[in-house]
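Questions regarding the structure given below will be posed in turn.
The letters A, B and C name the chains in turn, as written, and every chain counts its residues from 1.
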Amino acid sequence: MQASKDLRSPIDRNAVVRLIDEHRPDWSLQQAFYLDPGIFALERELWFPRQWVIVAHASEIPEKGRYILRQLFDEEIIVVRFGDGEDDIAAYYNVCTHRGSRLCTRDGRGRLLVCPYHAWSFRLTGELQTTRDLPEGVDPEALGLHKVPMKVVGGLVLCGLAAESLPDIEPAAEGLIEGLREHGVASARIVARKNYLTKANWKLVLENFLECYHCRPAHPEYFRVNGHVKVTAMRDADKAVEWQEEIDQWHSVIGDAEFNKGAWEAGDLDTMPFAMHRKPIGSGRLTLSDDGRPVSSLMGGRKAYDGGESGFRIGRLSFLSAPNDYLTMFQMVPRSANETDVILTWLVDKDADVDVDAEKIAWMWDVTTVQDKKITEDNADGIASRAYRPGPYTPLESQTAFFVETYLSQMRTLITGERGEAKAEWTAPAQLFASPKAACSTPRR
Amino acid sequence: MQASKDLRSPIDRNAVVRLIDEHRPDWSLQQAFYLDPGIFALERELWFPRQWVIVAHASEIPEKGRYILRQLFDEEIIVVRFGDGEDDIAAYYNVCTHRGSRLCTRDGRGRLLVCPYHAWSFRLTGELQTTRDLPEGVDPEALGLHKVPMKVVGGLVLCGLAAESLPDIEPAAEGLIEGLREHGVASARIVARKNYLTKANWKLVLENFLECYHCRPAHPEYFRVNGHVKVTAMRDADKAVEWQEEIDQWHSVIGDAEFNKGAWEAGDLDTMPFAMHRKPIGSGRLTLSDDGRPVSSLMGGRKAYDGGESGFRIGRLSFLSAPNDYLTMFQMVPRSANETDVILTWLVDKDADVDVDAEKIAWMWDVTTVQDKKITEDNADGIASRAYRPGPYTPLESQTAFFVETYLSQMRTLITGERGEAKAEWTAPAQLFASPKAACSTPRR
Amino acid sequence: MQASKDLRSPIDRNAVVRLIDEHRPDWSLQQAFYLDPGIFALERELWFPRQWVIVAHASEIPEKGRYILRQLFDEEIIVVRFGDGEDDIAAYYNVCTHRGSRLCTRDGRGRLLVCPYHAWSFRLTGELQTTRDLPEGVDPEALGLHKVPMKVVGGLVLCGLAAESLPDIEPAAEGLIEGLREHGVASARIVARKNYLTKANWKLVLENFLECYHCRPAHPEYFRVNGHVKVTAMRDADKAVEWQEEIDQWHSVIGDAEFNKGAWEAGDLDTMPFAMHRKPIGSGRLTLSDDGRPVSSLMGGRKAYDGGESGFRIGRLSFLSAPNDYLTMFQMVPRSANETDVILTWLVDKDADVDVDAEKIAWMWDVTTVQDKKITEDNADGIASRAYRPGPYTPLESQTAFFVETYLSQMRTLITGERGEAKAEWTAPAQLFASPKAACSTPRR
């Protein structure tokens, strides 16, 4: 959909298909998928435009006329509130239709979006307002801003690159809205945000995020705080029994209705994946803080702490972790073949104390993501060696293996146009769970 | 003329021709022309070697044996005064003919040019002096320095990359010499120089430089000082009348002879473009300073301020602005597909007070070029988006549109060898003027 | 042997062969060989894997379990002492066989090599120790570390990229061992190391290192200290006589046995080149220090200073300079088409005074290599010009010319599979010598 930035010979697509066909199921990808700029260009053309991702929280544009600049893959977009309705939000590529300049150079507020170059102005709804200087015969209707597909779901602003290739977002919106509402996501406010620029291919970032096998050696704090590591970070029958007891105990306290909440859609090329899952934090902890004690006020109208965490998977690159009193929002943003922004945003209830301690709130995922950045970059460095060969995923990395199989199957279809038969082993395995690094011990059957 | 630096498949030239043929006249270029390294490589091979550009002012090498290193596109060259005659200047590629080392590593003075690597030495006229160590059978005559085509025009040192592809410079030299003489360019001295490295394709730098439509939103200082913005920065009948009155008033004061001075050659592949045009600064200002008052002594033997500015266009990438008491010399130097050096040099009469205030002299074009750098870089950023589409040039951007049409026509001819028919709309439109950002209200008919 | 990092069209190999065939013997290479990333990629695939290079000194891993990370071309490797025997050293690519992570992130010591990512551990001998978590059906035997070909020769740890393409190292090991022993190389310790990252193609670094024609203009300190410059840096009959007298005098003092020591193998694709040569330092100097006086204690059990220096050439990219009381080890490490690490390591006898003055020891080669970095980078800059043309090597650059001819002949064979006839002028010329910048005046006939 875009003129290539490099007119020299592009990647040999048949060579990519051959690499895909040589893949050994449940082993890691061949080197080129982690390093090759040509494959990244192919993903940029074929795969990224099919993904809905979180770009902002609705509270970032609180009133009409407020606009913010955000990253959508390698594109800068303007997210603007054009009206007084809750979901009166639009998104545009940050490109003036006159000479192509960046239209907005910073977040701001106004009745119009005015280009600093030649003062062409646009309504908040995208239409060109300036028409006086147009050459004869040029239709101003054709010079409105380029819209970015956008949908607000429970306070989360989701965007995708290209309407024609995006899957229908409605099933995901419907499937997630109740869970988001219960956690008060729409009425939250941001207390902290941090970008962990990771020098690694986006797939390595995701592969790491989707398994907890590394939690014991790499994440001492996370390992100490989260009970589920007894089954997600190790294979130990005694520990598994302990964890099952903890789950049963939690079940008996919160009741069937609360315990059985969940949502699940593995997704494929035409269906947006999403999931919501609940589990106890464990060890009597009330929230995901260093000492397990509350760090903000209860969200979503909840009356008491129940010691649980909800994990949300929203499309393939956005996630949300929700204990009772705060939210951590995850955005994985591929930047180049070997760079990925990992943006974490922490939110609390909008009416929470203005003096909440943002450091305490951010603590667990900050310390964990700093560690993830390091191990993922070391992973990328090792993979660049001529000695790298695909290696076997262990049973504790089944979500990672599933992502890899899904990715290859989709890329093959996108390149060849052939829709592969769903291979048996590529369907969601029993131990797939909603929350990253937080698979729980109650497999769905 | 040079072995490619990258032996991988070069750009598909047919694809470039197709892009050219898809161009919509009077709309901006397709994305690839602003971003693609392959197209830049093609320009480097085909288009740049046909351009004469200013590389220095003769006063920078005041006596025999003085040499300076200067940039000619992506090449470093040595400009040296080899004799006592006014124009005894030569230019060489800064490459030793022995092993290819840089010959000079800094500006200097000497009887010979001596390579610091193996002490091979060359006469100021380029011949190899060192012959003692040559292997048998090697002809020293074949090892002289590689000459750079060079011509001194009224104190300006002009160079081009390749004698075989450069147009004849004599018509331009003859057409400009009188104007340069009247402004005392040959007897000027430099008071300041500054490089505004702009992260944008050179064509965007030029497109911006050739129109003043952006002057109102982007250049408050320039807009305040220059009267011509009444017709170049806006389309306002009342302002146009005001400006015409100012022109008529100036005409009556300076007389017909002075008023009608000018030169014009649009240029094509085999003809070097050049222009000189005079206009009043306006509002009773004597020169292009913040308060309109003189900033140095009169140049070129002028007896009194006449409130005018002469604008010179010298080839396609060099310009000169000349009010009565100082000069601003502009060099646009393409560095890569997305980097351009914009070098400004300010000169005054060689006998001007040693204490002239360089900051006052540089003020207008410094503040304006800092702004131009920013808006041009924002332009480049926006164009990199997948949402970029060519947009329409307005009537106030006709010089920019003309440059774009000319560029495409020339590139097409250079790639295909076919000489396009001069399309009616590609001939110099009536409102084309000599001075950048300074088109005046007296169209030539 | 490695999946390409860029699946776009690779270099046109026929174009490279044509460039080779256009080469004019005894003239420098065509531009592309010094600049083109595609040719570097070809060298990386074909030429580098045939080279044995020094990666470390055995003293850097003094006891069992100690391991260090070192650079082998663009690869990071682990060099580890796995046992108590003197040569119980192994080298592995620093890549975990599970998911490809860097296995070690710093030098260290341990009973196992443990990956920080998922805690997979490996024995010092390379076998996978962790097997508990392996998926069913996966053979742990196939998941040992990737070995790097390694050989310890007289305390020097030599490695190569690929066993299948490396020449037999035994003849070189046998040819050099006696000389290394006499200089006590195995029982040395490191006192200083410095990396002179040089922004130039590795062949330019080597071309510079293999000739002393530049020593007079570029290396005043080296020129003052080393007597051999009388014949290696200039062509002067009187100076040559002086130097011959100095050699004869030295010969008479040290005797025939000591004087005639030496080793020589020019090498080809299947034979590793090596050389050892002795010469007097000259002017009564005892060692290669600023004032000629000792800077450490005698090495290799030597009883008295004899005023000589031994020069070792070990493969094509490693060198050793050995006066009586210290060693300078040279590693040329190609990093990219225009970057080369030049790593110098200075060693003294392991029992030398702990207070030896490392600055005095490093002085000559440090000051010389700082200068070499500068002149080589200027060489690279000049060669990038479109005005660069191959130039003639003088008789004082015969070793450089020989390297260039050898390189081209080998590359041609590696690309085409045709084994070129050994051309008469490509055999080792009489004036080829073992020591870089230190050819002596006694040509072998």
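We take it that contacts are C-beta pairs under 8 Å (C-beta built on N, C-alpha and C of every residue); 3 or more make two chains touch, one makes a residue touch a chain.
In this text the structure is predicted, and so the values were computed from the model without any measurement.
Q: Just send me the rotation angle from a CA overlay of chain A on chain C, rounded to the nearest 5 degrees.
A: Here the rotation carrying chain A onto chain C measures out at 120 degrees.
Q: Same or different, please, for the chain B to chain C contact, judged on whether over half of the interface numbers appear on both copies.
A: Chain B and chain C contact each other through largely non-matching residue numbers.
Q: Can you give the whole-Å distance between the Cα centres of chain B and chain C?
A: Taking the mean C-alpha position of each chain, the two centres sit 49 Å apart.
Q: Chain B: which residues touch two or more other chains?
A: In chain B, residues 8-9 touch at least two other chains, as defined above.
Q: In the complex, go through chain C and note every residue touching chain A.
A: Counting only chain C, the residues touching chain A are 1-9, 75-76, 93-103, 105, 115-119, 132-135, 138, 143, 146, 161.
Q: Which part of chain C faces chain B closely enough to touch in the complex?
A: 8-12, 15-16, 19, 26, 28, 30-32, 35-39, 207, 213-214, 216-218, 235, 375, 378-379, 381-389, 391-396
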